[in-house]
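What follows is subunit A paired twice: with subunit B in the first complex and subunit C in the second.
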Partner chain A sequence: MPGSPGPLWGGTLNPLLLQRFWLVVPLGLVLLPHAWHLPAWISLAWLGFAGLSLRGAARRQPPLNHWLKWLATLGGVGGVLLGYGSVLGPGGGVALLAFLSGAKLLELDTTRDRAGLLFVTLFLLVAHFLEDQALFTAGWMALAGTVLVAAFVALETPPGQLAARSRPNLILAGQLMLQALPLALLLFVLFPRIQGPLWGLPQQKTAASGLAEQMSPGDISRLILSDELAFRAEFPAAQPQSRDLYWRGPVLWDFDGRGWYRARPVEPASPQGQGLGEPLNYTITLEPHHQRWLFLLGYPARLPDQPVSSLGPDLQWQARDPVHQRLRYQVSSHPAYRLDPVLEATHRTRALALPPGGNRRARELALDLAVAGGGDAAIVERALSHFRQEKFFYTLSPPPLGESAVDEFLFDTRRGFCEHYAGAFVFLMRAAGVPARVVTGYQGGEFNPYGRHWIVRGRDAHAWAEVWLPQLGWTRVDPTAAVAPERVEQGVNAALPAGERLDIPLPVAGDWLRALDLGWDLVNSRWNQWVLGYNHDRQRRFLASLAPFLATLQGMVGLLTALLALGLLVLAALLFQRRRPALDPAARAYARFCARLARLGLPRGGAEGPTDYARRAAAARPDLAEPIATVTRLYLAARYGAAEPAQVEALTAAVQRFRPGGPPQP
Partner chain B sequence: MASRALPYLPWRPPRVESGPITLTGRRLYILPTPMGLVFGALLLGLLVGSMNYGLSLAYLFTFWFAGLGLVAMLHTHRNLSGLRLATLPVAPVFAGERAELALSAGNPGPRPRRGLALRHGDGQGMPVDLAPGETGRLAFLLEQPRRGWHRPGRFAVYSVFPLGLFRCWTVLEMDWGILVYPAPAPDSKPFPEAGGTGGEADRRAGEGAEFAGLRGYQPGDPPRRIAWKTAARGDGRLLTKQFAGGGRRELWLDWQWTPERDVEARLSRLARWVLDAHAAGLAFGLRLPGREIAPGTGESHRHRCLEALARYGEAP
Partner chain C sequence: MNPTLARALEQINRIVLGKDRQVRLCLACLLARGHLLIEDVPGVGKTTLAHALARTLGLEFRRIQFTSDLLPADILGAAIYDRDSGKFTFHPGPIFAQVILADEINRASPKAQSALLEAMEEGQVSIEGETRPLPCPFFVIATQNPGDQIGAFPLPESQLDRFLLRIRLGFPERAAERALLRGEDRRDILANLAPVLGPEDFAGHQQAVRGIHVSDALLDYLQALITASRGDARFAAGLSPRAGLGLLRVTQAWAFLEGRNFAQPEDVQAVLPALVAHRLFPSAGVSRAGEDWAPRILLEVAIP
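Right, the complex of A and B next:
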């Protein structure tokens, strides 16, 4: 920062500059994380204002002209209006406040101005959580909050004393924050949370992430490379195998010659089928992806009430509203199931539809597969053998494909990843007369042994095929697994050729980096669940698990009031207690010695000197006369002689050895 | 004097106290400052925002700062609790000057106390810090426009430390007063002439007289009348030479002889003369209607005369 002075502590510093400093620094600390999402011109303007303010204070310049400030304010309002369209929503409001906080740095002449700026800083600190609630952000803001509290103390410190007081003020701020923390946690846990917003959430950013409703070449590889967290899943009972985890997402029915997509809804509205075998229970914590997909395995046995959702006939599960906040839901579903034992005519037509022309060679191959006969299952098997036997490669950087993408992929390049294999396979099936569709979602995930949960990331994104077979109904076929079985066994990295591996640690046992990574994932997962996800439902459930009465409003308010009062009392007792003067080591050792004698029924009299006491004690317990005499001699020497450390140590040791037990000897 | 110190419970008005006072919880009041009210309103707004957006961290930090406010309240209270106060003597001033009223403040505790200050309806003291075990001085200044003996009335000892969100205070009334001398007339006029004696002769009164003996030095004795030779010879004790009037007329500052006729103007004139005569080292007496102070010299004599002027007209 321009004009930052050398010695902050001590030295002869311009008090005005130091006073400014105590306003600029907390504001800067709070605004630094904001800078990631604020427009650059606001950050730059703020830095300019801060520099001007500090320079003005360093040179003891008079405050700026009023019209200049008004000009800056108008410019800021105009800029924010242009950028955000409004200065009232959370985005524009925070941006404008950040800008104005900078402009305010030029006008800090009265205590009122300075206090106002600190309040703005406090507001901006809390407002940042609209953008980001990560653990690291919380830590940073705790630090910035402590500096802010020190700035409040500095407000009450005469400027002339600031240089000497800066460090004590910071220490005091730290103490205050620590003392306030238990009260904050009490309020956090017990303050009744409400369900839903008070006046409705404003427009959220809708930069959707994750899977889309279409699959054009390159979509999934982008997702695989992005490596962002999609969701975490916990299985309370036995852990499943990675190869069985096909997290079902969008189901794509329609092909336009290049990519797969979903042209219109699928009727009727509910799935026709049944689960087979035991259902699997699990909990999913879905990261906000600003879309409506919800993920599950197989055929649902029981879906959660929250969020409000709908399940399509093709088992495509969607929430009513886009997922803008982290969502936790519990599902029970059957990994094995039978879906649509009888295929509806409309479904069959749609699952066989292909564009009229193009991809001639692929259609010929499909005819070859079909004429060999043996039913649809045999056709599927022959197509998979084709992928296995021909020289196909799994790679994330396939050569670009032209007009007849399926032909070029199947016969020329033969390089691709799940979306190529799934797309080409479904094309072949449809051309051979087998109803088929593309399913996208995630496959596998990483098991975190510390948290016993699965981490599913962008790199686990996957696409596979479903074919309809008589009696069996819709059956999953994963052509990628035919080409690269490692993909579904060990994840995408194992399937990639050596030169293409993603920059992630391979699953090597005992790798401490990986352990650190998984440990951090666990911390974040707990943070998300217990701190960020502590909402109305979770609060009720948690309190009900302690005592059912607590889950009521009266219970919460009653306990909160009682505990807050108790906390304040305890704190007051701690703050107001009279600290006893600290004893020196010799006196402490002697006090211990006296206490041990007192336990034998020989308490030291109030006015009794050590020598008299020793004489009386030795007379009462002749068996202890020698150690009593030793301790007393050492104590007198240490206390009233030249107090050498060696003597004190000898005394401490002697008292340590003095452990008389048993009743007084006769 | 209007006294708008800080408020107190009407059924527990401060008593006039003289002895040392230890501030205990029973005496202390605590309320949020305007800044504290703004802080509370801001937190309320942040809480509503947290509710609307369902932001757990916003809840947490809002609660953290709310807890901070409560903790700050305890700290502010502790900052005053246990403080030991005692009055310090008040130096007399002339009308138009400011009197300083001071308390000695002792910090018996093991922790520093910061930002302690006095506030009176008409005066505000500077904040003072006290280290553990330290005894310091809390003071405020009061404008004194009128002569006389004035009681400063109620005042408050307060502190807003550490965060300025709460103000803790106590209202006290001490058994003390301010003696305000009349403002001396701005211009010097010759001393009054009585019985045809020239002012010039009077001004030298006490100098041309005969040596009458020695007495112990008192502060205010003019240096030229100290028996320096005796001091140099003896044990270092200072002695002042005494002169007998020797038949010369004494200097009397008399109500009757002031050129002014108005009561306050007369008192101002007499105050000026007392100061001038004292500065010149003259022995002088003061004669007011109903009161006469025999001629004398020295600081205490000056004070006695000025006090008589200050309290002139008071009910005896």
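Right, the complex of A and C next:
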């Protein structure tokens, strides 16, 4: 925040400066989160403007020269045009507004200027949700919004009273926000979520994150360093063991001598196989990763209708469109299954293909494994014991590998990460004549005991191998587990050597910091699920469960209008009741008399005394002068004199008789 | 209206021409046992009005010209050593009179001002450890020049509050001014002025003012006005309870002058501007012309 409270509270209080503070501070609070997305020069320019503005107020300087204002405006427009290519849209538009809101701080001479600036601030506040809708953002916005409302109140407060009114204004703003809460809830539930580009938030193109369609040494270890959330999973029934959670992602078939990738689609289009045993039900809330992968455990028993997706023969599951929004889907799948009992010839060819030449020593090792005989399963077992017996290390910082990456890893460095082990293992299998492929995805996750869900993060990314064995079909083999069994039992951190541990706490029971972390995760999860996840479909379903007619646009708008009208009526009734205390009989009679005169076009002013009113009415209607005088005299005596019941009766009777009709007589 | 009071009014109006409303307010103020402040530029007849009031009401009258070197003893009096008797004898100051005209009160130092204002509040003065009562009735009619003139010590708000009403005379209208120019010298008229009523009469009228009926409905209106002044952000502070009491008394006095035995909203509205003129100040940042619109704002309050 620019400026310090020093000159404000110490010494003499400058009301103008305080008034300026009430504009700079709310604007600063609103803009602060924007600063992450905006170019640095805009933030710096804003700080400069704010400083100048406060200095000007502190020294009571005259307003700025018009030319300087023009220069600042043109400079800002030019800069945004250069940086964004446009001054419209969520990027350039917000940047320009942020800049100009700063420039406007130099021109706050009239109430109109100040009010205009506050309304722009209100718009900037809402513009945050174009970037980010997380719970933290919403909380910040609520705070900044409250201060902004207080600024609107301050706009109506005389500057001299601002020092004393600052706290009451803030409290009032808080009350106003709380009073607005029921309305906000009503609108949230009932306001129609209209689908379409005009109504939806614009899709910001963001870099894809998470797993990629290819895997070279180093790819996954980079992913491991990210704390970013991949998805959350809930198992309504029994919780599975961490070591059984192999979340399937991209399946990589092809090797180019260095990295694994997927050169072309795998035919035919659907998997051949069957699930074994009881299926497992679970719900996944997938964070947007801007790619098409969907994650799955084992062999699916039932896949959801939404999103529209396709399942490959290798159980690679993909959505039709990239996942740009948080996605929640329910899956039922078998952890145990048999896939491809008979291997298609094209699949076999592809699962055995290796580039010609290269990695000579690895091929020799594979040949040794193969000649020992005993079938494919025995070859797999021998390869795994090779990894177990030789001195392999599980590390995040393996030495760089050269041209023959597999050879160097297997025989020279022997230090690597899951992608090294999986890649080398599949290479060995293919060289030994066993069909094999690399599967990437996530393994394990962190169990949140408060929300009873699993948190799967970037650091849980994993790669493993699948080999095809007669009768059994495709079978999962995890060479990493052979080297570092802790990886699949307790997660990646436990498997790493002490010096390389990631900066996250180990799962220790009773650690309050961790409890806090998991609690926050739960709140976020619920926020995503109940607030952000309340989309068009969910709204329709929820309202239909209340009453079927509500699930239509007309129903929602109708109910919303009806409830708002009802609320306004109740409010009006409450206010009206407070406004009008019970009238005594004399006042009631006089009110009737006034109403009758008002019908003749002579309404009484609120602050008009009875005698003044009588004089004016009599002047306008000389024909009625006498009854008007009588009623007024009786009323004054009854209401302001030492009232006697007889006088009130006389007044009532006189008003009863007073029935003027028709146009004024000549 | 009481015939003697009507005659008194008529007599004063013959001297101060064309200021019927102000004269009536002065009378109401004195009937309500309040002190009066007249603020205006020099030469519009402030002193003449005060003089005429005292003469007509048959009250003993003294004038104190306030200057920057006026001392409290100049107002209150002092004990002076008498060589013949060998004792200190008290020589009462000009304050021991029924009507004091404190002329140009804002030219004196705050010390002298507060000596007078203390007497106004207590109805007695303490000199040399002895408390001496002031005559009854005791009125102060103070005049002052507008505060922004050179060489003035503006009265603080707390002391302004002790004056019940503050009025302005303003320049006379064209016809009144012509009559003034044509007419006799005011000083000659004043010198020949006969009192219309005696001190006992006046005390009786003051008692009668206390008896004017005030209904709950009128009190509702009074309170609505006071509340409005307190809640209005345009004023630095609202009306004090003392101001509210004063409003009630002077409303009664106005109703008495109107010849009624009960007060009604128009009475309140008639006296309100003079009552709030020196009590409601615009809060900082609001235009300095506050004293002009302050009464109008209070008149926006609806009569319940």
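Operating definition for what follows: the second predicted complex is superposed on the first by the 518 of 666 C-alpha atoms of A that agree within 3 Å, B and C clash if a C-alpha of one lies under 4 Å from a C-alpha of the other, contacts with A are read in each partner's own complex, and residues count from 1 in each chain.
Basically, a residue touches a chain if its C-beta (ideal position, glycine included) is under 8 Å from a C-beta of that chain, and two chains touch if they have at least 3 such contacts.
Quick caveat: nothing in here was measured; it's all calculated off a predicted structure.
Touched residues of subunit A were counted for both subunit B and subunit C, and B has more of them. Contacts of A:Ala547 after superposition: neither subunit B nor subunit C is touched.
Of the two partner chains placed by the overlay, only subunit C lies in contact with A:Gly606; subunit B stays clear of it.
Once chain A of one complex is fitted onto chain A of the other, the partner contacts of A:Ala184 are limited to subunit B, with no touch recorded for subunit C. In the superposition on chain A, contact is made by A:Leu571 with subunit B only, not with subunit C. By the touch criterion defined above, A:Val531 lies against subunit B but remains apart from subunit C after alignment on the C-alpha atoms of chain A. In the superposition on chain A, A:Leu71 contacts neither subunit B nor subunit C.
In the superposition on chain A, contact of A:Pro158 is made with both subunit B and subunit C. Overlap of the subunit B and subunit C contact sets on subunit A: residues 156-158, 161. Residue ranges of subunit C in contact with subunit A, taken from their complex: 213, 215, 217-218, 233-234, 236, 261-266, 269, 283-286, 299-304.
Every residue of subunit A that touches subunit B in the complex is listed here, in rising order: 90, 115, 119, 122-123, 125-127, 129-130, 133, 137-138, 141, 145, 149, 152-153, 155-158, 161, 172, 176-177, 179-185, 187-188, 191, 193-194, 197-199, 201, 325, 531-535, 568, 571-572, 575-576, 578-579.
Across the complex, subunit A is touched by residues 35, 38-39, 42, 45-46, 48-68, 70-72, 74-75, 78, 81, 109-110, 114-115, 127, 129, 160-165 of subunit B. Subunit A contributes residues 15, 156-161, 581, 584, 587, 606-612, 636-637, 639-643 to its touches with subunit C in the complex.
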